[in-house]
Amino acid sequence: MTPVALILLIPAIAAALLAAIPGTRLAARVNVLAAGATFLAALALLTGPRPAPGALFLVDDLNIVFIVLNTLVGFTAASFSASYIGHEVAAGRLTPVTLRFYHAMYQVMMFGMNAALLTDNIGLMWVSVELATLSTVLMVGLYRTPEALEAAWKYFILGSVGIALALFGTILVYMAAQPVLGEGTPAMVWSNLLPHAAAFDPGLLNLAFIFLLLGYGTKVGLAPLHAWLPDAHAEGPTPISAVLSGLLLNVALYAVLRFKMLMAANPATLPPGPLMAAMGLASLLFAGLMLYRRRDIKRLFAYSSIEHMGIITFAFGMGGGLANFAGLLHMAMHSLTKSAIFFSVGHVTQARGSQRIADIRGLSVSHPRLAVALALGVLAIAGLPPFGVFLSEFLLVTSTFARAPALALVLAAGLLLAFGALILRLTGILFGDPPPETAPVRASTLPIWLHMGLVLAAGIHLPAEIVAWFQAAARLLG
Amino acid sequence: MATLPIDIAHLLAGGLVLMSFLMIYQDRLSALLDVFTAHAVVLAASVAWQAHLQGDTFHLYLTALIALAFKGAVIPMALARIVRRLGIHREVETVVGTVPTMLAGIGLAALSIVLMMRLTAGADPLAREDLAFALTVVLLGLLMMVTRRNAVSQVVGFMSLENGLILAAAGARGMPLVVEIAVAFSILIAFIVIGVFLFRIRERFDTVDLAALDEVRGDRA
Amino acid sequence: MPPVDAAALIAGALLALGPAALAFGGPARGAIHAAATLLCLLAAGTGGAALLTGTTTTLTLPIGLPWLGARLALDPLAAVFVLLLGLGGAAASLSSIGYYRHDPAPLRSLPFQPPFLGAMLAVLLAADAFSFLMAWEVMSLLSWALVMVDHRDAATRQAGFVYLVMAAFGTLALLLAFGLMAGPAGGYGFDAIRALPPAPLTVAAILGLMLLGAGSKAGLVPLHVWLPLAHPAAPSPVSALMSGVMTKVAVYAFLRVAFDLMPPAPWWAGSAVIVLGAGSAVLGILLAVVEADMKRALACSTIENIGVIFAATGLALAFRSGGMPALAALALSAALFHALNHMAMKSLLFLGAGAVLHATGTRMLDRMGGLIHRMPATAALMLLGVTAIAALPPLNGFASEWLVFQAVLASPALPQSALQMLVPAAGGLLALAAALAAAAFVRLYGVAFLGRPRTPEAAAAPEADRATLAAMGALALLCLGAGLLPGLVLDLIAPAARQLTGAALPAQAHQPWLTLIPVSAARGTYNGLLVGLFVALSAGLAAGVIHRTASRRLRRAPAWDCGFPQSLPDSQYGAGSFAQPIRRVLGRTLLNARETVHMPPPGDPSAARLTVTAADPAWAALYAPLGRGVNATAAYANRFQALSIRRYLSLVFGSLVLLLLGLALWG
Amino acid sequence: MGLILSLLVQGVQMALVVALAPVLTGVVRKVKARLTRRRGAPVLQPWRDILKLLRKEAIVADSASWVFRAAPYVIFAATWVAAALVPTFATNLQFSWSADLIAIVALLGLARFALALAGMDVGTAFGGLGASREMLFATVAEPAMLLITFTLALAAGSSQLSTIAGAMAGPEMGLRVSLGMALVALTLVALAENGRIPVDNPATHLELTMVHEAMVLEYSGRHLAMIELAASLKLLLSLSLIGCVFFPWGIAAPGDGVTTHLTAAALYLAKIALGGTALAIFETAVAKMRVFRVPDFLGIALMLGLLGTLLLFVSRGL
């Protein structure tokens, strides 16, 4: 059985299985197992020979990056949720029934995302993204509190509109391709589209890209389409917040990138780069400002995700070898770091029984180990060395300043803005006298250390293979 | 001689646009639902005609059928029940007055026509004008969603938007997956309707209880 | 083993001491600080050796920027600062052995202090933009962790926040500067940057960004505001490191770019640096004069000395752009020499301040007094330190300031008449700063160590621990040696001057009586050795003769005090009262100093109160508005947090229509 | 022979300044007395006082530390070395190259530093008061002094006093407005440095006005003697500085014969006597000013110094 099939089948089967398993413990274990197996399959795909691009599936340097990242974080998040969810059940916030649903949905979501990444058909891509979105909507509403339902509802409505826009864009792309590639499936197969893109009707492509950017951009969380993101992160179970930030945003961004490549392949179209760069900068600045007034720790990091998605979109919008490399690297680093942060945040909120930053002061006194974990994550995401985010921001800022000084200045200002807010909050969280009542943390912090270790290693020494691999992907992006 | 089928297609598509305008014009929910039913019927007709034009495309007929059955019958009834439950069938729920909304709608229609005419000079006329109408319907649906306060009317707006998508998909010759898409959207809308059922406490999307959010999130300081 | 390898190894070992500290924990603190001391001494030796040989050795490690690797190099310029770092770091680490003896939470400082040294060393060794900035930022990060040691104090948290944000600001400025230097192709290696010199205006822009980046770390006005907050907040050995060494690393960064990587800049760039430096000198020392907190006063005086160094650097830039390598070498040697001297003096003073803080439990000058009776050794060493930093002969502070003035006196050689007039005026500002420094340190020493104790704690203060005293003694010897034999130090740093300017001062070691002759004997000479000798001899002579021939009788009696002795120690002049005249004369305009008297109404027996306010002008002019602006904008943006779904949909709809319109217009 | 002679000259000068300083003080006092129609103490009275003080026992406050006892000798030594480095009647003394004008100013600064610390050591209100005011004056006087130094050094192309004196005596210097400014500024600074009227009154013990006296209030016996001697030395130094820089006529250069040196010495004595008399007349003519007006007074010197430096570049072309 080919790795591709495995990557898709394992989550599908696991989802069905988990829907049937009543036992919480067992379900969690199966969940971890399935995610781990999927990750192994992805590794096999990475190392082994790649299948030739067909009507259904496509594996190239670009999406292999996303897939490996996706399955890895999916695995660690699953193992984190195994320890996290147990506490939630003990605390009575979740019932075994909801939990069964949760685990099943987790695998459905993984299936949707993997399919969206692997498929060669833009229609299927759209369907899979919608599937992943709907499954996360259900998980965001898991707690059934008014706020959770509120957040899920908001996410659902905005997501649906986004989906609709994306679909319209997809139809337009098909209409642009259909005269050239003839009717039927071939005109929707990515690997057919790209080589013939130059012959497509540029006007239709332009129109299509606008709808696609807004449609998928809603899922990426670009301002001003970001509204669903903070609430969804804040009200859902923490593992889902981690997966949302670490994975779903990337998947949506991946879709945008695919179509950007299509646009770039047609010289007659308007260049998509400036639009993406502008939206990226807007998101960066807006999120940077929003970070200042946050009192809810999960919402704080949700906005930081918007900020970093902005940076990444900006990087890809700038284009060029260095910027694309920086964008890919930043995306990978952000996924690892942000999910690690959400893991620690999960433990912290369980230890303090509150998501309010005001209640989480003095962490370095009450939970030194956890404080170190959180601090490392925040410092890393703030762009401080020796972590990988620093490398990507270094490349992005320097290369941009040499090409477009004005943009680089805005970028730097946004980075500084966000940095100040994060450090302000971090100082409040780590230091000072802790509140009297704090619970010890039993859950394992292993996934956090794993992620931070990877980020640290990437910051200090990026192996030549990975560099070559990313550079190849960057070249694909043009 | 060959122009007649195309003219009919245009007639149907244009009818869809007309229906959309009528929906924007309607300010009573019950009437709105009726117009929407008509909207769905016209869509079904136009899709069926497209199927006829493009030849033996079974799945387009299927799509038309789904549209007719689901959006022409099931959903409107469900919504009508909700409206009766909530006793809001005669409520006027527009944010901005009907006339400015109409004007905005006309502007949007003009915008989409201009876009199509200017951009897609190359594409074949049938697809092209169909697309113009479809885009208009989509935009009008969005316009309705943002100018109506009432959840039901927003659901209706979303569905009319989606009708526009189906129209576009059907207009695209030999577009695969149209059925899947139609099904997917039907599921989506079913979700929304269920949502409206679940949250009948708040019959609008609009009543986000800010105070409640504050005490939980405290993010609006 | 080539010097650079040795230095890299030392840096690695210092960095590795952090994990070791985590592994062995608090009990091993003594051993770890001892190890750090040894490593720093080794580093100093390496730097010295590299200077004596005058060679440049390079090394490339397979880490850092993927396709470049971490380039390391140890050339004379780096060697000077490696030497500086080694000496300062050794002293601080040595005193740490004693300072942290009774530290309740050693793991808040122990894992960060040796790596902090290692990071600074790495900055000096880095020879490509990425490794440089990486080491630079790690240095900031670790020093931030050290600043936050005393995190329960809200002021410390504030200081740490301001510090880290300013550090990030500086790093971003450096990022942009290196972006300009590297160019679109991304030639991040220093050799690549040297290979393609940019246009003069670009050079000026790069220097401006470097002033922002390095200046914010060095404490150049107006980027200095974090410094009086952060340096004192840290444990005293760390304060010594931050003031004595880290600011010099920032100076190094500026020198590296301005002289090594860049071609000569336009002359007005140099004049800007001169003005900034002179201004920093005056404002910084004025802040020190009115500061009531001992360690903060020391930190403010750091701003002054950094100003002196930058003024000299600016002179060197001006001479360089004027094509006068010899004079550029003179100014640059003055800057380097003063950097070395300030490291010794300021570390000495901060270690002493740490001892005082331990002994009295306070940093407030007005809660000290008479410490010279309780801590004689500390007091003696501190006296030497304040004399040196007040730029008085025959100590090292004066030697380097004298050299700076010699460079100022060479200004007529400059082609631009604007500079000809600017430079002596700047020299006047430096002289004012020197005079103010004397006042500031008479005040600091007189209030803290002399007179009568003002509190029971001060009256019962114990002498400093042996390790700290040893470290202070070593630094005091450095001050004395560099003051008496400045020629030897200048010969030592001559290779660096030659590397950066193409010329160097004439070799001083061969001059008769080791006289300091910067340009020519007719131009101006100074002989610290003879002056010191003369003063010592004539003082000893006078004392001896008098004690032998006249009288040696001595009687202890209560102070006369014009016949009205005051028993209250509060009747002494304190920190505030001593500063009052200068505060009134200079502070009213520069610090917006105000005095308000609250008189109780007639019949009210309560005491009248005098409140004095003096504020750093930079806060009011720059930082407060900035903070307010950010807050206001954030508050405005926050409205978007809780809109209704329909409004969010309108946002999406709006952007869609907007883009479609754009497409219809331009498509 | 040359070396011996120059060594001799150096020795003579060092002895001379110490011997002469109290006499100069005596002269000034005498002239002032005569101007106010008093007979006044004999010219050698200061010497008598000093010797008497030297023989008395020293009384030291209980709270005083070793700084208090060491300071007088440091003050005296620093002042003496500074005075010995100023050419009085002969330039290019044996050790004149060991310090230039900047260093001489700094040596005076060292003396002031020690005096201020000594004033604070006992821990009385007056000591601190004197110290803080002294440092205030210094903050304005020292920059002024250095700017004057700049003016002279830039004009003469050297900060070395002997060279400056030579250049000033030379023909090409001529009369310059900036030099005039420097002279005025130097005079003002000298008045302040020596604590003369109108800045400070060496004869007062009125609490609110004294500066120098407030610092040395606790001193007695040999310590006081050292300080008095240092003060007189400082006055002499200032006068001979003005003399050698602005009226450098007849100063013996190295290699000149003994006779030249003798005439130069005589000329020097005349200059000093003249200066002392001028000082006395001035002090009798003006009144002491409030402490907080002194900075304005010295600010004038500062401005003049700066103007002199800048005008130098203007007038260089002329």
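Every chain is named by a letter (A, B, C and D) in the order it is written, and numbering of its residues begins at 1.
Here, a contact is a pair of C-beta atoms (placed from the backbone, for glycine too) under 8 Å apart; a residue touches a chain by one contact, two chains touch by 3 or more.
Everything numeric here is computed off the predicted structure, so don't read it as measured data.
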By mean C-alpha position, what chain is farthest away from chain A? D
Please give the pair of chains with the highest number of C-beta contact pairs. C-D
Taking each chain's centre as the mean of its CA atoms, how far is chain B from chain C in angstrom? 69
Between chain A and chain C, centroid-to-centroid distance (C-alpha), Å: 44
From the C-alpha centre of chain B to that of chain D, how far is it in Å? 99
When centres are defined as mean Cα positions, the distance from chain A to chain B in whole Å is 31
For chain C, residues contacting two or more additional chains: 638, 641, 643, 645, 649, 652, 656, 660, 663, 667
Specify, in ascending order, the residues of chain A that touch 2 or more different other chains. 153, 157, 161, 203, 206-207, 293
Can you list every residue of chain D that touches 2 or more other chains, as numbers and ranges? none
Can you name every chain pair that touches? A-B, A-C, B-C, C-D
Per the touch rule, the chain B residues reaching chain A in their complex are 115, 118-124, 127, 131, 134-135, 138, 142, 145, 158, 161-162, 164-165, 168-169, 171-177, 180-181, 184, 188, 191-192, 195, 198-199, 205, 208-209, 212-213, 216-221
Which stretch or stretches of chain C touch chain B in the complex? 638, 641-646, 649-650, 652-653, 656-657, 660-661, 663-664, 667
Show me the residue ranges of chain C that touch chain A in the complex, using the header's touch definition. 62-67, 107, 129-130, 133-134, 137-138, 141, 148, 151-152, 154, 157, 160-161, 164-165, 168-169, 172, 175-176, 178-180, 182-184, 186, 188, 630-631, 633-635, 637-638, 640-641, 643, 645, 648-649, 651-652, 654-656, 659-660, 663, 666-667
List of chain C residues in touch with chain D within their complex: 369-370, 372-373, 379, 383, 387, 390-393, 398, 402, 405-406, 408-409, 411-412, 417, 420-421, 424-425, 427-429, 431-432, 434-436, 438-439, 442-443, 445-447, 450-452, 513, 515, 521-527, 530-531, 534-540, 542-543, 546, 550-551, 553-562, 565-566, 569, 571-574, 577-582, 584-586
List the residues on chain A that touch chain C in their complex, please. 153-154, 157-158, 161-162, 165, 203, 206-207, 210-211, 214, 218, 224-225, 227-228, 230, 270, 275, 286, 289-290, 292-293, 322, 364, 368, 379, 382-386, 390-391, 394-395, 397-403, 408-409, 412, 415-417, 419-420, 423-424, 427-428, 430-433, 459-462, 464, 467
